[in-house]
Amino acid sequence: MGSSCGENLRLTIFGQSHSSAVGATVEGIPAGERIDVERLRAFLTRRAPGQGELCSPRQETDEPEFLSGLRDGVTCGAPLTVILRNRDARPEDYDSIKNIPRPGHADYTAWVKYGAARDYAGGGHFSGRLTAPLCAAGGICIQLLEREGVTVRAHAAEIGGETEPEAMEAAIRRAKAEGDSVGGVVECELRGVPAGLGDPIFDGLENRIARIVFGIPAVKGVEFGAGFASARLRGSENNDPFKLEDGRVVTATNRCGGILGGISTGMPIVFRAAFKPTPSIALEQESVDLEAMRPAKLRVGGRHDPCIVPRAIPAVEAAAAIAVYDALLSHRKERL
Amino acid sequence: MGSSCGENLRLTIFGQSHSSAVGATVEGIPAGERIDVERLRAFLTRRAPGQGELCSPRQETDEPEFLSGLRDGVTCGAPLTVILRNRDARPEDYDSIKNIPRPGHADYTAWVKYGAARDYAGGGHFSGRLTAPLCAAGGICIQLLEREGVTVRAHAAEIGGETEPEAMEAAIRRAKAEGDSVGGVVECELRGVPAGLGDPIFDGLENRIARIVFGIPAVKGVEFGAGFASARLRGSENNDPFKLEDGRVVTATNRCGGILGGISTGMPIVFRAAFKPTPSIALEQESVDLEAMRPAKLRVGGRHDPCIVPRAIPAVEAAAAIAVYDALLSHRKERL
Amino acid sequence: MGSSCGENLRLTIFGQSHSSAVGATVEGIPAGERIDVERLRAFLTRRAPGQGELCSPRQETDEPEFLSGLRDGVTCGAPLTVILRNRDARPEDYDSIKNIPRPGHADYTAWVKYGAARDYAGGGHFSGRLTAPLCAAGGICIQLLEREGVTVRAHAAEIGGETEPEAMEAAIRRAKAEGDSVGGVVECELRGVPAGLGDPIFDGLENRIARIVFGIPAVKGVEFGAGFASARLRGSENNDPFKLEDGRVVTATNRCGGILGGISTGMPIVFRAAFKPTPSIALEQESVDLEAMRPAKLRVGGRHDPCIVPRAIPAVEAAAAIAVYDALLSHRKERL
Amino acid sequence: MGSSCGENLRLTIFGQSHSSAVGATVEGIPAGERIDVERLRAFLTRRAPGQGELCSPRQETDEPEFLSGLRDGVTCGAPLTVILRNRDARPEDYDSIKNIPRPGHADYTAWVKYGAARDYAGGGHFSGRLTAPLCAAGGICIQLLEREGVTVRAHAAEIGGETEPEAMEAAIRRAKAEGDSVGGVVECELRGVPAGLGDPIFDGLENRIARIVFGIPAVKGVEFGAGFASARLRGSENNDPFKLEDGRVVTATNRCGGILGGISTGMPIVFRAAFKPTPSIALEQESVDLEAMRPAKLRVGGRHDPCIVPRAIPAVEAAAAIAVYDALLSHRKERL
């Protein structure tokens, strides 16, 4: 189905890149939680476009409007719906490439799945614009998690193959200058997650986090703890020994990324998401005219980021917060 | 909740390592599908232990017993339940380490989550034994997918850092001789998947496959197509150009792994799963006695694999088949 | 969780009686369906208040605003979100009875469940106002069902114990004049439903329809076909004999209400929903002051209907259409 | 999909009337709960056939076999699977009527839905036999609810139009002597349910209970509290006034059946389910030969109950217990 997820925190994302609004409905937030709208606004601003020469100049203020779920700024137990108007929509930008799918985008697969009725403008429901309501929902979950002692922090671990901030920025500039784009890796850490969250088999924290993180466009890989590197370690190197610290059980190392058997160990949860380079590039590309069914060349106009990673960082935090807060709510029911 | 997944194909996995049986219930298989039990048995044998010096000597014939869902070997539309008896169960092997969690296993997190009532024998419901019913369900899905023209094949892409079969085997032998273990990477390819399967955002094929593959114990990373490597490519290198081939739209390369916007392109679906080294090793390890709350050393006895990758290959195929067959069933409802 | 339902048509209802809007998100509508907004508006008007002396004078034009899911008035495959602004909200009407639960309403149970943070104005999320987005979603499903040859019609079968229209109206007038209220029974019929829709056990058409119809406030009973009366029949009277008619299998009678084993027979689906009398009455009632924890009397002000049945008729049609259209979508996947 | 239900208690029912076993998997039972198997056996015996001249002579001892989820008789947190072998299966009894659907049964609709592959023996997955695993799951929930202070009791309120035990029995005898059958009404009461259980709109207790009770074959109506009778009351008669009793808020009457706005009031939950007369009767009936597509007469052989109500009573208790225990588990997560 696609646009909803969650067990005891149920999230539904709606909207298209150029519809009148994008938004999110969140069911399951306990009543009595005050939402700090100023902070949420600040969080959304980290994701918003139009903030500098290295990102898309599309202007969206991303002012959250709450349609339901609050009374005097406090959750009342009813589903919370927050919308963000699409103010700077320019669907006409996309008319020229309506029948020529952009490589690396969902244009072709959306055409196969939905046919002529698809909303092709800006990728429609597949657009990165949909990370705005994801961040609105996730920004709220971050606030709720903090009240439980959990913090969520992500950063760019790698951009264009570079791992130092200055080199990363230079890589983006170079790509931009050449009409090209670069990808990268976002690393996220959650501290303070109590031990015991998550479930066996299909609802482990890895499964839950991966399911939502793969919901961010351009993510092509997710790994936890030592991840793919652990495949090259010996068991004696990769196993995290248990020890006591201030009367608590901890692990001496954290190669498992804070998760064993799908369940939190109480150590920081650490994961990385691989982002492919932005598929929208200024260079000419080969494609196909789906109406005429013949080869076609295209050059993607519109307003795009030469690297999506900087703006994706809050989206990764949001995704992680949604997954972990849901696991936290599910966890409670198991205790009398 | 953990042990069930799926949208229009609903799978529930039950059993513990040393309960009287493990099993799977699958709802949603269309009526009229003949199950080739011989082939299923052969598929289960690829996963079964006791098959050579490099794998656990536990003897399980893994004979599938169908409790429901079939009439004369053909699906009748009712939920299909298949069980595999645990014949060579030895729960007493685990009594000595009941209170001393094995590093890298779910022993500690299961203790936190379920307390004294947990089934600690052999990891209980967290055991690799649960991949047997996963393979039973997945082996059936593989048969059903083949009737739709889809093939599923996985192989070991890397073991202990080695990529050549002989070197992989040597790496396992070395680790075993040293009482240690190695991990690896399984690569899986699905050919013949029609374009248009999958959904936006949270139910893309990446999300669906990752959710189930992370259900295989020891998986710590999943990547699609170029995956983490795509993070180091330029957009101009990573984008797969569209072209026409025999009147069909295809991509000239397949760095996206056959998935764009969560939806199949019609090209092969390719993904890799990282397996950590088997946590059970013969070497002495540091742990904690959870009852006495003091440091403890342990040496894991029991019957274990120095590398789980060879036996995990069918489990990865099973997981992929379950995810993709579910997406296929969901896809049909969208067409009149 | 409460505010969402459905399998392949997923509906989420949000809003409170006096929040800025109420709305619905519907996932799963196939792409390419034109929504006739004029007809939807007309359908919503049947439910809207302010239409005569026998119903609440609250003025709500119930103009549907589509935030997403459409392109040029046609569904594009993305979740469809429609909202209805609450224009004539007067939350202050309810301040005086904030701590004194109205008998027959959800005020007391909402207080127990959500505590002080609940939205008590007009019943909050429990208000009959939430049938507006239900009707918006259901009105769309009615249009979609008609394209499949299915019609949905409900009518008042009984009001205040009367079964003739004039007597029903007189019963409402009498109750209103006395500051009291009356209940009634709505009967709904769906014609043209193909045989084979529905599922065994928990997702039969009875279960699916009942689950949604009980979502309409004031419904206290649901019965199918002969319903409670069938409990007094002999098997030989109640069984519907099969016969052939124009080469099709039909039943000579339809005491089963078009459903056997949870699955449609192809005959009209017939059910009845019992509505209790509107709990808001002008007469003085006994209650409790929840803050002072002492007895209290109250007289319900605000704007209310002496009988909810006339305005509930489209809500029953909407509920039935949502349930049956979901079953129809689920049905398709079972056919190759 | 049909055979599973529940939110935080997830139940899956499998098996056919004449498959090798019927069974249930229950996910979500907290770890540490001892199952009293003797009591469960006694509960199952109330439902079992072969117990007297007024019920089906089919011999099923219904001995529960636990495949998973327990360690030493105590729940361990993993999914609990319990099966009941079908020992006295006689699928050949049904060969003669394979193509002639029995009026009032699911034979015809199963044929439409599943085609030739359906399991027609004894109704397959639609059989009343499936109430055995429902009772196994529900019997466990009854034990768990009792530990929370909740009792569940159902009784026959009406059989064949009679409300006195002796008259009911006489009605069954008369019907049996005439080769016919009678229906009835089962009333169920749950005492000790804490206030605050249930959710708004689609997951109210009415919706939850109705969804599962309609899963019992032959149920054609469900009503809560005054139910259909409330449709004939005035609001001033039907509203339950609140009052204080020993410092607790209670209602002076309980016409709402202990549920307001879908949420428990703390008063007894009361509902009634209408059972149609057993469709299997010895009298000759009109039907159709689905292969030859011509009229056919049939006389139902096999082993049947002239009235299902006595054996359905534990099934109603089971259904109610499953619904309410699930709501209880869901409720907990909302409290910190």
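Before moving on, here are some points about what is shown:
The chains carry the letters A, B, C and D, assigned in the order they are written, with residues numbered from 1 in each.
We adopt the following convention: contacts are C-beta pairs under 8 Å (C-beta built on N, C-alpha and C of every residue); 3 or more make two chains touch, one makes a residue touch a chain.
This is a predicted model, so every value here is computed, not measured.
In terms of the distance between Cα centroids, subunit D is separated most widely from A.
Here A-D and C-D are compared, and the pair linked by more C-beta contacts is C-D. Averaged C-alpha coordinates put the centre of subunit B at 37 Å from the centre of subunit D. Computed centre separation for the pair subunit A/subunit D is 44 angstrom, with centres defined by C-alpha atoms. Rounded to a whole number, the gap between the C-alpha centres of subunit C and subunit D is 25 angstrom. Multi-chain contact residues, meaning those touching two or more other chains, occur in subunit A at positions 1-4, 8, 13, 31, 77-78, 110, 113, 125, 200, 330, 334.
Contact residues on subunit A toward subunit C in their complex (touch as defined above): 1-4, 8, 10, 12-16, 19-23, 25, 27-28, 31-32, 65-71, 74-81, 83, 110, 113-119, 121, 124-125. Interface residues of subunit A, counted against subunit D in their complex, comprise 8, 30-31, 77-78, 200, 329-336.
If you check the complex, the residues on subunit D that touch subunit C are 1-5, 7, 13, 101, 103-106, 108-110, 112-113, 123, 125-126, 130, 158, 160-161, 175, 180-185, 195-196, 198-204, 206-207, 210-212, 214-215, 217, 219-228, 230-244, 247, 249, 251-252, 255-257, 260-266, 274-281, 283, 285-288, 290, 293-295, 330, 334.
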